[in-house]
């Protein structure tokens, strides 16, 4: 089975980290392909960055489908263009925010999210509502760091994320915390070990969920709003 | 005052029709500029079409801001990229779905929407939820016509839209109907006259709402998720 | 065009202030008529005050319609009797809470409201729910002042409102604040200038929205629950 | 114990019928006082009728409190002015729509409502939402009869109500039906017997609920929005 | 009339306390039977405890029906097995969480709940949602005491409950507080007297509500999901 | 990896069918253990049947954990006792309704459910709400067959299920249909092939989801409401 993971921003070091996080959980027979499009923003921080990333992302999905991917993971926590991705392929496409919230809703009764910048808070709140987790998602928090700080100033960024995760556990009445950025994928294991509760990274969750859906032989429905785009 | 109306698809005849609908309601001192970007899909029917249209749309907003627009109208009923538009300008940006639903919620207690293709039904249902009209919006219906049929085969398309509007009045228990496509802007007056109830076109509603917001001196807040995109 | 703004309480100084706020934003061709009924409470602080104000308010609407008003603004932030007003006229009727929340939902992603007395908090929360802003409205706050303090002890009241607006910005994660009383209409401009974010007054928002709806030629639907009251 | 039931319209024959329905279920030691204010509409069909009825209704509540009522029932299915009633007394006040929906939510999993005129449908839908029964209330139906037809043309009206109740059972997937008008109180027993499922009349439900609350020694909280109106 | 109150745990001292709370409010002609099943957990603290208690509880309901109970009260604040209870009898069955929230929603505009252990918080939040009180229920708090501490270490437990009730009044903006455990039934009167606002105990509320429903002659509908279990 | 699938009813032929459905999708290295407790109802049709099944189910979970299961699937579409299961083990526990709705929400925009008896309709509607699929789940339908008819009269039952699936596609505007009973697991492939849209069986979906969660190394959080039951 081949799972194609697309980091919609153009920062290769983040793509590499995402690929590693996926490979760490992939089943023996699963090949992980982690790519990023060219020409998209170096990080996705807000709606305009999302908008710039989606057209190249869709081309990546189309080419990936032709190249035989069995399922796709969209590796940006805003799940940008997720529904559009589902139009251009019949393979399952899983967003990392979507997958992390699904996993959290099975493993825990209440969760918080720790993301990068404050401007992403309402975006993720809206996703929680859209995916049906309004009650389960207690709070979306920000560690007040730009996405790329996770690459460039990793130790400091990790410390800030950790502090915010601990604050969530202390103040929010949650029994799980989701790391709300693909660039935090490497922090989940350590924080889970330290806190003793599930600290979820969406890349791992989405990779396994994509594997699961493809393993069921499921395909994206073409009978509704995910039908292929019409020729113009 | 200058209201810049952007039809995000690239069909000039539709842009022209939209401009006329706006001018028909604009105040004496308001200049209407109706444009469409180049290189976007000829019609927007689904999420992938939306995604393709948004980056050129954002450039149009940025240039329009530099050219002195006081407010913008996004003239596609899916309100594609609406939140991204608000990031790249500090002028108010109004979507036509958003505006039509606001107007309907003041003029009537319950409304239905008649759109073009069935694939747009869940998109508009999701917008109704997001804008807070879950209860007020009784039903989203489709006239089962492609968007461009409104241009190319106008009489037949108009007949199909009219039939669906009458069905909504007969079956849905509504006291207003929204026409769910910018390309239907010219049908609202006739249908209102025939049915005796508000049949709302989003272009008119959004134009006046944009005029109203600019007239209050309001600007888009830059203190939250609509802050300008960060430099990369 | 003639916009008739009705302050449902009987405090003439507040009516005057409301009229000024409306005139400050009205289009050149718009005449603003600001009135208040006789015999209603001097201020509206709770459901019983609302109930006492509505019958005279409805008579004001009926007479205003006969006198040729093109649209009405209901200038009390509880929007008392708003749906009843819509029954007795076919002109658009806009509530100031309704209008302020609509404007805020376009200009910002999250907002708080600062009102007068704590007893109004759940009333305004219920309105936010009814109008569909449950998620967007982060918090309704009270400055703990009676409505008439805004008239009688203006400087002190303004200071308390300002303090609560600043608290909202600091604590609520909002990018706009709504002033939740018609008597605060004169504070919006100063507070917007000071804070750099939209501080919205419902009188201005509703006046322009009423102008917009009348300018579209829209009328209140008489085909549903806003039909004229039946003769008894 | 004394339960004071107020029919807010001024039709004495309906008040009498309501009083009988209440007495039929009252406990041995409970005195039922059924009154109606003077000068209110002969029937309450819409928001403007509600508005006209509420101020006299509030005076009735105030006088009833002074006269020693232990609890009040508001006997109009729109529950007009319910929250205002709670401000002017510290005795429990129960609305008949509120009580019928509470009872139905205990006795059945899903219910429909059959009311008089279509214009009341959205009013009752909004009450169902406000009271928290959005999912449980499958549908609000209208028998398409004016309220007073229940008095003046009782047999025909009863036949129309019965037909709509049977339609609800056949089509809505409900296991209970609520009669959505105080004037239908006399129909509940027969229809329950005929259909074998709970057909609920709000007058009976509210009378017993008021008795229950007063029997617990409960009073309306004066610490929040139901505090007494402020002196002006 | 005979009201059968079932404490689903097996702690007889709690059953006795519950019986007393019910008798304190029962009407003169009402006989209160308070029982608990054998072999259930000594206290119900979480879903697994609930699951263990329900089958014996259902047998108690069946036997109680045969013994002529007119209505049942389920006296555990988690309302465990409430819907199952309604399947095995045609007498009304009222849960104490359900009843307390209904009463609070009539007497006050906003309420908080004070329960025993933190693990019950999301259970009660989910009940508030299910019963339709999402907005009215401001917060579910825990006094951080095991259920049996209310029996074994009553004074200390009462002090902790009192402290949390006072915190709710101070911090949550509520005008009523619900005691979220049947074992707190004896604390309601004192706390109401001290605070001057309704402090509600579900046992009293449910007893009177059960009396009210039975007094109306209502029975549980057997036409839907509360039909008798099928023979296997 | 070992996935333990528990059919909570006591019908061995159904357990066998469920085991086959799971094995058909399990990864090469995954061992599937399908069991059912003794002494539970032969089929689960309603809340009382659920209640009877849960205590033996919990013992099965506890023993399965001791025997080294890596994750559990609860193979009854009502997901009975799901939260209690999560208390008694630290391995992930996935319900088949939960999993099917998650999968459908990724593969399609709108889905309907076809279950066995009408009495299960509100149960499944409530699950859809609880899991956050209120908008996505268009309708829950019943094929009007008892659960065991799927075993005893398979061909006829399959025809009735097929007819209802086709009705859902024709009438509900959905692009996926979920089979709402573990006993329908063998029908999914044929119906998917016939209709060309995803017809989802919860057993397959839950098996792969359980595999995915265990494959991530996730465990059920013991820091909140899923903590182990307290000793009594």
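Should a chain be cited, it is by its letter among A, B, C, D, E and F, assigned in written order, with residues numbered from 1 in that chain.
Just so it is clear, a contact is a pair of C-beta atoms (placed from the backbone, for glycine too) under 8 Å apart; a residue touches a chain by one contact, two chains touch by 3 or more.
Every value quoted in this text rests on a predicted model; they were computed, and no experiment measured them.
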Relative to subunit A, chain with the most remote C-alpha centre: D
Homomeric contact subunit E-subunit F: same or different residue positions, threshold half: same
Centre-to-centre distance between subunit B and subunit A (centres being mean Cα positions), rounded to whole Å: 31
For subunit A paired with subunit E, centre-to-centre distance based on mean C-alpha positions, whole Å: 42
Intercentroid distance (Cα basis), subunit C paired with subunit B, Å: 26
Per-residue multi-chain contacts in subunit B, two or more chains: 83, 109-110, 118, 121-122, 126, 173, 224-225
Each pair of chains that touches, named by its two labels: A-B, A-C, A-E, A-F, B-C, B-D, B-F, C-D, C-E, D-E, D-F, E-F
Contacting residues of subunit F [partner subunit E, same complex]: 41-43, 45-52, 54-55, 58, 81, 83-84, 86-88, 118-123, 126, 130, 146, 224-225, 227, 229-230, 232
Touch list for subunit C against partner subunit A, complex: 109-110, 135, 173
Subunit C residues within the subunit B interface of the complex: 25, 27-29, 83, 92-94, 98, 102-103, 105-110, 131-134, 136, 169, 173-176, 196-198, 200, 204-205, 208-209, 211-213, 215-226
In the complex with subunit B, residue positions of subunit D that touch it: 118, 121-122, 125-126, 129
